[in-house]
Amino acid sequence: MPGVSAAGNIDVSIEHKKSDPSERDGGGGHPNTCPRCGSHYRDDELAEHLRVCPHCGHHFPVKAHERVAQLADPGTFEEEDGDLRSADPLEFFDLKPYVERLAEAELGTGLGDAILTGRTAIEGHPCRIAAMDFSFMGGSMGSVVGERFARACERAAEDAGALISVSASGGARMQEGILALMQLPKTVGAVGELQDAGGVLLSVLAHPTTGGVTASFASLGDVTLAEPGALTSFAGPRVVAQTTREKLPDDFGLAESNFRFGHVDAVVPRAELRATLSRLLRLFGASR
Amino acid sequence: MPGVSAAGNIDVSIEHKKSDPSERDGGGGHPNTCPRCGSHYRDDELAEHLRVCPHCGHHFPVKAHERVAQLADPGTFEEEDGDLRSADPLEFFDLKPYVERLAEAELGTGLGDAILTGRTAIEGHPCRIAAMDFSFMGGSMGSVVGERFARACERAAEDAGALISVSASGGARMQEGILALMQLPKTVGAVGELQDAGGVLLSVLAHPTTGGVTASFASLGDVTLAEPGALTSFAGPRVVAQTTREKLPDDFGLAESNFRFGHVDAVVPRAELRATLSRLLRLFGASR
Amino acid sequence: MSQEAELGLRDRLAQLSGVKLLRGTKLSAELERLQRQLERLRQDTTDEEIWRSVELARHEKRPYTLDYVERMLDDWFELHGDRARMDDHAVVAGIGSLGGRTIALVGHQKGRDLKERATRNFGMAYPEGYRKAMRTMELAGRHGFPLVTLVDTPGAYPGIAAEQHGQGGAIARSQAAMLRLEVPTVAVVIGEGGSGGAIAIAVADRVLMQEHAIYSVISPEGCASILWRDAAQAKKAASAFKPDAAHCLELGVIDGIVPEPEGGAQIDHDAAAVLLREALVAHLDELAAVAADELRRRRRAKFRAMGVLAHV
Amino acid sequence: MSQEAELGLRDRLAQLSGVKLLRGTKLSAELERLQRQLERLRQDTTDEEIWRSVELARHEKRPYTLDYVERMLDDWFELHGDRARMDDHAVVAGIGSLGGRTIALVGHQKGRDLKERATRNFGMAYPEGYRKAMRTMELAGRHGFPLVTLVDTPGAYPGIAAEQHGQGGAIARSQAAMLRLEVPTVAVVIGEGGSGGAIAIAVADRVLMQEHAIYSVISPEGCASILWRDAAQAKKAASAFKPDAAHCLELGVIDGIVPEPEGGAQIDHDAAAVLLREALVAHLDELAAVAADELRRRRRAKFRAMGVLAHV
């Protein structure tokens, strides 16, 4: 990426060209080749291991539907607000029109936007889930991500229940301009309504969670979990490196670093995520 | 002071043998000799300059009655709760009995304990004031300091008014044992009642404010002011030096350092203190 | 400009015209301002005008937060520090008197000369700056002081320590704090309203922009770098995402535009301050009539509704 | 022991004896415990007994917070970090299940071996530790979880960074946070209740001490150093300021004493945990019956009344 001056600081917006998990190590490898140890897997092999490299433990990205399948009790997931789609208020056009990007993303992922929300149960504990999908426009947050997330909060709040969010996002969706930024206070407010109603947000940070999502709901969990090696930062590492002209620590912004600096309650390997969430749902549920 | 192990950490209790302002620079000089520049003054000269060295600006300690006189509109101060005295629940005896120390301190200072509280007005703004006096047993906080302070809060709370505290204390009063420690939550709670009632605490940190007072009301001001050069720390510098075996920064715990680290709103030279408090009283009063 | 927004303004004009002129000149100034706003909005903002705002919003002579504080407030006491780690000079906070009313004020602060720019970190806050802001909000809430925020930042500082100290979380919590407040709040973008660093202190009952301020999710250079891998395409990017006040008003993201002296606020700081002060007082007067919990309810509802949606 | 305190205990004994034994063994255990407490308190604690408690409270085999967590709670999820700067290992915090009830728990944590002692900083917290505690209190308050705190610290850490990061303010605010809570709170001094570092998390509806715990405004060594300029006079100092449980009960500073296995908790961690758990459940059961705002009112009133006064 060409030089970005301090004044041209990117802040919450998507940096997904750089933080795409498949490209994180110099990039370009096959999505089923482990960027850490080089092992290659068939897709069903990886799926069987929850997309964690059986050889070295590297956590591959997980798409939204697969994430839900990993966590939810079979047959309990019902998508909600699946009919919502983004409008194009700015008639945004870069190399191609925004509407075209949206259509392509939907075709490529089968999702209406970068988040999948719905009602489900985990080990018998009813809850809502909101799982982001990085493969839909870099998991960027526009009006639909904000709206689906807010509605998930509101539905969870109705019975003082729980919402599990699994974030994976490059930041706010540039193509919706200032309206994308407004999804920050919108989702922050929705978490507030949920928590005021006695409900609970369990925030799971998957790789990568950067920009606007980090600066809104993903940081407001009653409990915050992170997957091993997941990058979670407000500014992306390249912007930080360019702005500060300092060498970044090797684990800059990674889950393990954020745990050490006091921002994360636990780094949870994917194989333990379901059990951990279930335990938390039981603990938080016992007060009601 | 002989070695204090980490386990023997002093924490909130008085360290006044070491932080007595008159001894701070190797000590022992005449109380009217400036420890910074060596100038010597007659008592009336110093009083005329609010006990600030006209040559170098060093702030000498100010006793409670003189502090009130410096700040209050003439003739407006009425002491409250002056009849309260410490009991001796532990029948504490070190080199001499606690009751004897109390009697000596009262004879020496004319105060019933290390804090003077009452109703007053500053530039026409009615308020309560609570001024500590380091010369009464190192300004240590026992039951009477806690009680007078708490009552001052309650009286101020009655009309959602203001309390100005000027602290100067070596910490909790050892001779009252665990009851001295209980003055921390007692005064913290009193500040809470005042603030919940819409009242305001303006906390002025004079030299030195260490130990229990720092860990209770003195840190809870709506606004926190400090006099130049005033030491304000929880643990005293010598304890810190002995525990950590590191060289302390030259300005360790001083007002200027605490300002830099974000704990103090302003370092206010004594000559400007009255005007600053008056301005704050006006600003906080305008909301009512 | 959308017909609906125009209708809204017209409504307000009509309403004002019909009102008894109790406040005399004040009300006619309000009328005039709305009329002018209406005129300007009737034509679409051109790409040139958008870029002109980008330039003016960043103009090195543009008034900064403390320039306004000095001119607008009758008294001012600055609060320093986050009570934990530092005093971030990229954010100023304090209490002051505005038209006889004590307010709390929080604003980004850029530096005028080289040295001050460094001290103020170009108006780019660390998490500690937002924690100072939150402390001030808490104080405002407790004492019933209306809160005014002045937004002027390229963005939150993208530094190593800033990340380690929880930049994202601080911005999120600052927004949550603003949404919880039960006092009137007015935010004004007075220069650059840069992304998360801006929204952290801009979740207010009324969000205004000065005529030549910009408010955006990403800087034009950042956007251009991502889209065309060329920061020099900034102007093109700005035209694409439209950070100017008129477009923000049209999108329903802000509630009004504060006029600047002809040619921009940098030309006449005093006049800019008079106009800003007038707008603040007018909005605070209106908000003073609303019950505290109702303020909060409306504020939450306003931000809850932000965004444009379609359906399958 | 004061006559009044003894009368209080006798009253409670009488009351319990007259109550229908709905809970069977539990109630008789309660009876037995009170009887034993009464016996022990009838004689004045000797200087030897006080010093014995000082030694046992600091015994290197004494159970620490996580030893109790492991034994008392049916489930436990530890919360980490202050969301700003670090995760202070001298304080542990989390939520867990105690007798079918979800509670939040905060405690000082000492280390067992050399390495863990360093990691845990000998149970001496930085301000960040108290900020983690406050975050957990806030969560407890919001979810209605009763809060249990286990106090075991020589004191807050007297270090350079600890001071720079606001040790005094953090301790003050932690107490304020506990006074604001509208959930039942029980604090138990399980070892050393060292001064400000201890009171920061001990402002509870019920404050208990284990039989051989100590609770004091200053360490015996610190007191001796100041009074006699000789830390070796610690034993003499302890006799002077009486940090043992019986005296704290007598002074009205604590609400009860939790028995330890014969010879001290270090001899049998499991048995100590059973006794502690029993006490916690009993107190939480009692507090569960009190309305939230009434809990807060009583808690504030209790600490407001602390101290012994004379009059001229």
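Each chain gets a letter, A, B, C and D, in the order it is written, and its residues are counted from 1.
The criterion applied here is as follows: contacts are C-beta pairs under 8 Å (C-beta built on N, C-alpha and C of every residue); 3 or more make two chains touch, one makes a residue touch a chain.
These numbers were taken from a predicted model, which means no experiment stands behind them.
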Which of B-C and B-D has more C-beta contact pairs: B-D
Gap in Å, rounded to a whole number, between the CA centres of subunit D and subunit B: 29
Rounded Å distance between subunit A and subunit D, as computed from the means of their C-alpha atoms: 41
Rounded Å distance, subunit C centre to subunit D centre (Cα mean): 48
Touching two or more other chains - residue numbers and ranges from subunit C: 83-85, 164-166, 169
Junction residues of subunit A, two or more chains touched: 261-263
Arrangement of touching chains [line / ring / star / complete / other]: other
Set of all touching chain pairs, with the criterion as stated earlier: A-C, A-D, B-C, B-D, C-D
Residue ranges of subunit C touching subunit D (in the complex, touch as defined): 83-85, 127, 131, 164-166, 169-170
Of subunit D, residues touching subunit B in the complex: 58, 122, 124, 154-160, 162-169, 171-173, 175-176, 178-180, 194-200, 203, 215-223, 225-231, 234, 240-243, 247-248, 251, 253, 300, 303-304, 306-312
Of all residues in subunit C, those that touch subunit B in their complex: 75, 77-87, 95-97, 100-102, 128, 132, 139, 142-145
Subunit A to subunit C touching residues, read off their complex: 1-15, 17, 82-87, 89-90, 92-95, 112, 142-144, 146-147, 150, 172-186, 188-193, 211-212, 214-220, 232-235, 239-240, 243-244, 246, 248-249, 252-253, 257, 261-263
Residues of subunit B that touch subunit C when the two form their complex: 195, 198, 200, 222-223, 259-266, 276, 279-280, 282-284, 286-287
